[in-house]
Amino acid sequence: MPIETRDRGLDPRERQGRAPSTAQESPASAYQRVRATSTRYCKPLSTEDFVVQSMPDVSPTKWHLAHTSWFFETFILQKFLKGYRPFCPDYAVLFNSYYNAVGEQFPRPRRGLLSRPTVEEVLRYREYVDRHVLELLESCAGDSSAEMSSLLTLGLHHEQQHQELMLTDIKHVFSCNPLRPVYMERKAESSTAVASLGWTPRAGGLHSIGHDGNGFAYDNETPRHQVFVHPYRLATRLVTNGEYMAFVADDGYARPELWLSDGWAMRQTEEWSAPLYWERRDDRWWYMTLAGMREVDADAPVCHVSYFEADAFARWRGVRLPTEAEWETVAEAVPCEGNFADDEHFHPIPAFESQFQKRNQGATGGSPASDGWPPSSDSEIGSATISRIAQTFGDVWEWTGSPYVAYPGYRPAAGAVGEYNGKFMCQQYVLRGGSCATGRSHIRPTYRNFFPPQARWQFSGIRLAADPD
Amino acid sequence: MPIETRDRGLDPRERQGRAPSTAQESPASAYQRVRATSTRYCKPLSTEDFVVQSMPDVSPTKWHLAHTSWFFETFILQKFLKGYRPFCPDYAVLFNSYYNAVGEQFPRPRRGLLSRPTVEEVLRYREYVDRHVLELLESCAGDSSAEMSSLLTLGLHHEQQHQELMLTDIKHVFSCNPLRPVYMERKAESSTAVASLGWTPRAGGLHSIGHDGNGFAYDNETPRHQVFVHPYRLATRLVTNGEYMAFVADDGYARPELWLSDGWAMRQTEEWSAPLYWERRDDRWWYMTLAGMREVDADAPVCHVSYFEADAFARWRGVRLPTEAEWETVAEAVPCEGNFADDEHFHPIPAFESQFQKRNQGATGGSPASDGWPPSSDSEIGSATISRIAQTFGDVWEWTGSPYVAYPGYRPAAGAVGEYNGKFMCQQYVLRGGSCATGRSHIRPTYRNFFPPQARWQFSGIRLAADPD
Amino acid sequence: MPIETRDRGLDPRERQGRAPSTAQESPASAYQRVRATSTRYCKPLSTEDFVVQSMPDVSPTKWHLAHTSWFFETFILQKFLKGYRPFCPDYAVLFNSYYNAVGEQFPRPRRGLLSRPTVEEVLRYREYVDRHVLELLESCAGDSSAEMSSLLTLGLHHEQQHQELMLTDIKHVFSCNPLRPVYMERKAESSTAVASLGWTPRAGGLHSIGHDGNGFAYDNETPRHQVFVHPYRLATRLVTNGEYMAFVADDGYARPELWLSDGWAMRQTEEWSAPLYWERRDDRWWYMTLAGMREVDADAPVCHVSYFEADAFARWRGVRLPTEAEWETVAEAVPCEGNFADDEHFHPIPAFESQFQKRNQGATGGSPASDGWPPSSDSEIGSATISRIAQTFGDVWEWTGSPYVAYPGYRPAAGAVGEYNGKFMCQQYVLRGGSCATGRSHIRPTYRNFFPPQARWQFSGIRLAADPD
Amino acid sequence: MPIETRDRGLDPRERQGRAPSTAQESPASAYQRVRATSTRYCKPLSTEDFVVQSMPDVSPTKWHLAHTSWFFETFILQKFLKGYRPFCPDYAVLFNSYYNAVGEQFPRPRRGLLSRPTVEEVLRYREYVDRHVLELLESCAGDSSAEMSSLLTLGLHHEQQHQELMLTDIKHVFSCNPLRPVYMERKAESSTAVASLGWTPRAGGLHSIGHDGNGFAYDNETPRHQVFVHPYRLATRLVTNGEYMAFVADDGYARPELWLSDGWAMRQTEEWSAPLYWERRDDRWWYMTLAGMREVDADAPVCHVSYFEADAFARWRGVRLPTEAEWETVAEAVPCEGNFADDEHFHPIPAFESQFQKRNQGATGGSPASDGWPPSSDSEIGSATISRIAQTFGDVWEWTGSPYVAYPGYRPAAGAVGEYNGKFMCQQYVLRGGSCATGRSHIRPTYRNFFPPQARWQFSGIRLAADPD
């Protein structure tokens, strides 16, 4: 959608998401704003909720609060604040996640065994770190080194990632409890007709993807580089629960021919028969949400599916998942708007026809009468139709068919933070676009999230792609 | 030691442990006294400590508090209090431990995943149950049915068992935390020479063991029955840490010929090289205690050893563990005194020569110059020498060489509480005598505790026995 | 040994089983006879059958052949034959089962990975060992040392044990193969009415059990010692498949109240719903036998049940399993006859009324009209009724309710062969009486076999016992 | 295909490997030739060797022989030979590897439990299938359908894949046996100086990779498509054992910063400290080969390394692994020659300077004085230097840094054989070039082999790549 965007004078930095520290905002202010969000997310929790680790992938809330503080203490305060004394020497091991260069780590699967430090002590730790970071920022005034400034920004993005994990992790913790606690009551939604599924044709050719160096990005988004993309079609919205229920009803979980071999093995071992958090009650589907148990909303995007399920669903529909290059070249031309954590839905919401129309005024939408399958044989109309694409950002992370590998010429960041991304480039898949648990200022078109194909506890969903007719 | 005991006018009921509800004490008073102990044990804990389950054998403190209340609610209130409404219907599953006859159980290894109900809610649950039990007792006055009375007493003994588990479980939880939290600072001990090890010879013959029906006993202690005992010798005190360190230093953990086959396999899998909670620091042994990390006290009884270790140690010394009949026939003649939870040491203490002498005035002790090995060739002097036996009750549970099986003619208790003991009569070993975490009024000579041979997190130690020369 | 037995002139040696080496038979002859049985059992096998290990408990046939030879090589030839050179030095590790005192062992669960040595090489190994053993025996003439003589006898009994394992192991191997190979076609049986179940009352009192030192016995059968037995009743025959099918049909495998806690867990994990080798086909039960798949014979003794199943079955019938003392005091008075491996049925056979009558002429049998439940209230008539007891020896090993522990005063055999029995005295149960895969000359009334309670691949079955009315 | 290659008159068919069925060869002749190789590989084996499965990845030789026959029976005979009756109906399940569309499969990890059918029966099965296939081919004469013809060719390539697995699997089986059996004595090698490592610079740009449809290819090699390649350098030969020993000696297995996160976890769990089959003996490295235990040849290519090790080694050298596009564009211009199974070395051999010179006469080689690190700053001289590349085909499969994914526009083959490749496109990496266990006629530049990153039992090695200076 290059034309409209240009017309609207969309600032590229805006397009890539409001950085935690914007030009208008001082580092100290950005720091305080981002850090405050972590504690704000804890408001609905009781002390006991901070302690539990419901599976190795999940960390206790308390651990997230401490680890993000450890990050600033270790990479900023210990390095740049002269005479800084750590709050508690034992935390160096307890709250190191996986940085071998920094030292030993307390084993991840045992984080839930630590009742101490208490929540109160962890909050004191945060205050201690905050006080010293702000002191450091003040002492530097506007004169902080590029390295420190860059690490500070990294620390804030890191904190935002953990904020998302705090939400997905507590959802998992609560889901294991038959009492099904409510994290936050949910806002009512005014339901209207969901947008029908359309297909936007896209021309192929040499494209550039990856971050161009303006503003913050993780090392794994660089360097920007050329990639040859073949012509394709991209679905105009996310797959809905209703569409996914049809897959389930069509025995999708019982037909090995629809599944990758590893996915089928996983499905059998784990006895998957629906997305994570779904339960069958009296012939209807319910799911656990951060607002407690709800009946599944057929219009909302399907969520908490693994790559294996996303891939099987796509195969069932005779199509496929997009590559990350296919996704990114579209996303670059779309406003970085959507249903984010800032909206406090904490759940994906439907792409209603009304919103869709409003956003895409004048664009030729998919025929409302059609459900969009098979992909229609529209002539390729290129980027002019990108305006038809909804839900690109927010709602759910979109599984791509791209394994998470280094971009050509990739170099990990220098120092211990070089362990941030590169060492995970194996057996994981790229997800794009952020979710309803992602902070709006955290996301950008080049952002590469990654999870193993069996992961389901993130807000992960499906956008389809297809080859041209 | 029948004579002295009789001389001292020891009441048989006293000998068998002060029952939670004594003749002098009303049921309501006994109920309140026992229940209060559970909450008293929680005083040193922070809210977070109540949540953690450090291994499947361990339950969160919160769970113990709720489960013991569930026991009264399920077996007493629901049955005997007309119109009683459960505090929360979901608790029926959440806090059922293993009573299949009562219904479903929340899986034991997942108890640590439950942040809710909160500690506060659990305490409210306790108050709710307490209020109704007391109301029920008042309404019955002295006229409660035998069945209700018996179940109430069972419930109090059940609560006492969980009080002990609260202590052993929180010790394990704290031991998993590198911060090594302190449950309770420890009282200073005035150290003097530890008693040397002697051997009391015992004549064989037909003896009766098991509970005779006077006062409370678990079903597994019945019926009292005859058993033929062969002549034997029993060690006059528990094995000390110092003695056990000699076993460790003599490569006891590296010599398969000393171990049972299953024990050797366990030792290798679990990489045991010392008792649970022991750590090597700069050539000295330390251990985790409820008072935090301490250097190992060579004089105190060795503790937190498995049956496999106890058995290997005995084989190394050329002797063996006692059978439960050998143990019980001695214990019946000894005052039920010792280092119990009531003393709030929460750790085994040495059998000092001074105490020993005091207790055994006039008796011929083991020669202080000898360490007691090999068992001396004293002529068999029968029960007259029982006075030499120290540490029979309290300090540590003593592993016997007896597998936990039903006594001849055993019948499980009627109803759901029949699942209390009988169904565990397989692949476990009997331990006797109570520990420093056992309530004084909970123990008696016929008491049969039981754990699998690999269990180490209880206060379990070693008393040796030997065949006659 | 009760009087009536003596009256019938039963030779004690006969009663205790024909020892591999009888008075009439030279050691060399006994050696050749026993060794030949091992190779005779291999006749029906193809070369490939010798290689497979279908679970860690099972050993390849090839391994049994080599290990038994290794036993003679290690404990006899290396010690007593001057200048003996081992056939192949690597075999010292490869074919050592569990003797730590002798050296390293190739890991048991990996025995099936060894294609070499080939069957031919193993047979050459056997011939090499045989030649040297016979040479040694000849050189000693009748003048062999007591130690060598005793080890030779031990080696032959050891070989007989492995002969039984060869049969049970190949049965398991074949059962894993959908082709269901046949080991040996089965002899036809003339079916008549099965004997009804009766109960023999037995008086209690002080009895002696254990081996008295006359003839060969394993160390675990010693010393003979007194034990106090309570009055009881013993079932006159084994439980049949028909009776067990009634348990299955009555949801025996779905009712936790019938099971030990560990047994119930095992049942769920392993998804047991019938004895090992049973399969449901068109509403009928079939089982794998050494003669291939057969429809289950309702009259034959139930077989391939674990202790857990035997115990649950007994509980379902309101009775229990006998203790080993209860079993042995009866077995001492019964001729050591039955369906053994020598008969080459390799399957348990029914206790037909006709045989029963013949064997028990003049005795008062159980009423044919009654199925024997509940145990009848016959007056206690002591050992006079023992003649009513059928199937005491052979057919199936009978699970007792006795954990496998050391007898009072037990001392393991000296030297490396001391690892034979003692180190397994933990978490196993005693089985008595031998099976259809046991050599007739291998069994005796004092023989204590032992397996963990979950073991099912041996020919293990059920005889019931009950307390007096 | 670059110009210089054409200049040298290389026949394209030759370049892509001699297809099992060449133009000159009748289908029947090709069939007989390929099938005979499978049985020829079995010559050195004893019957017992055919049975063993040493890990789930490995299949018994017997199984390979039967499964490849099952492939022809199922996909050709059952479909095209009228009235064909399967040799044995049970084989449909026993020898189906993973084709869900065809029916049930006997569980892969249990293939080693099947002693039956015997080797002799399997060979009869092969003869039966061969007789019928040849009969079918004769009946069709030159008139077989395209579908049948294509399935026949697929079946022969499938058989060649299993021939390679027969070699790698028996190597693994033998390696588990302390006797270390020899599969085939090894030819002597005349050792001379190994070629020094050079770097060939390659220009970037749009290239086409994938199979163009001429001759046989697996579906996963299609469609041929454009890909944008960035400039890079490719190592002129494989990494040697000597170079790898330097990595080991430099603590390469103890430095987490060199490893992918999953790789490091695997290294720790599996306790890797050298490539598979390496053993330390008296300060020197030895390895298991198909010729038995040998001292490691420092000049031969390193082999039996996982992707994780290859990647860690590259990171240690400051470079990386090539992508499959980088590899293929070079391989297309190189003759498809090398050390293949046809040469019966069954082990990788060094790239000796002499051979290297011969092959590359007139080309400017890497300076023999330099070890090639860091990659030299030669000006980019493009494909003219490709002749410097040695060991592209044969010796060892070369790990690429490319996850195994579908090519753009990929469609699985129709029918059940569509399960051949596509369903494994997840969490595996592409390997290229064939190995010393690959048949020469089986390989081609577009050939995509794939294994999980932890796999080590294939002949897998390392070729390095680097970004331009």
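Read from first to last, the chains carry the letters A, B, C and D; within each, the first residue is number 1.
Assume contacts are C-beta pairs under 8 Å (C-beta built on N, C-alpha and C of every residue); 3 or more make two chains touch, one makes a residue touch a chain.
These numbers were taken from a predicted model, which means no experiment stands behind them.
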Both-way neighbours, i.e. chains that touch chain C and touch chain B: none
Field: Distance from the mean Cα position of chain D to that of chain C, given in whole angstrom
entry: 51
Chain centre separation in whole Å, for chain C relative to chain A (CA means): 63
Separation of chain A from chain D, taking each centre as the mean of its C-alpha atoms, in whole Å: 38
Message: Tell me the shape of the graph of touching chains, choosing from line, ring, star, complete and other.
response: ring
- request: Going by the contact rule at the top, pick out the chain B residues touching chain A in the complex.
  value: 46-52, 54, 62, 90, 93-94, 106, 110, 112-119, 173-174, 176-179, 181
Footprint of chain C on chain B - complex, ascending: 98, 100-101, 206, 225-228, 230, 256-257, 259-264, 307-308, 401-403, 405-406, 408-409, 419, 423-427, 453, 467
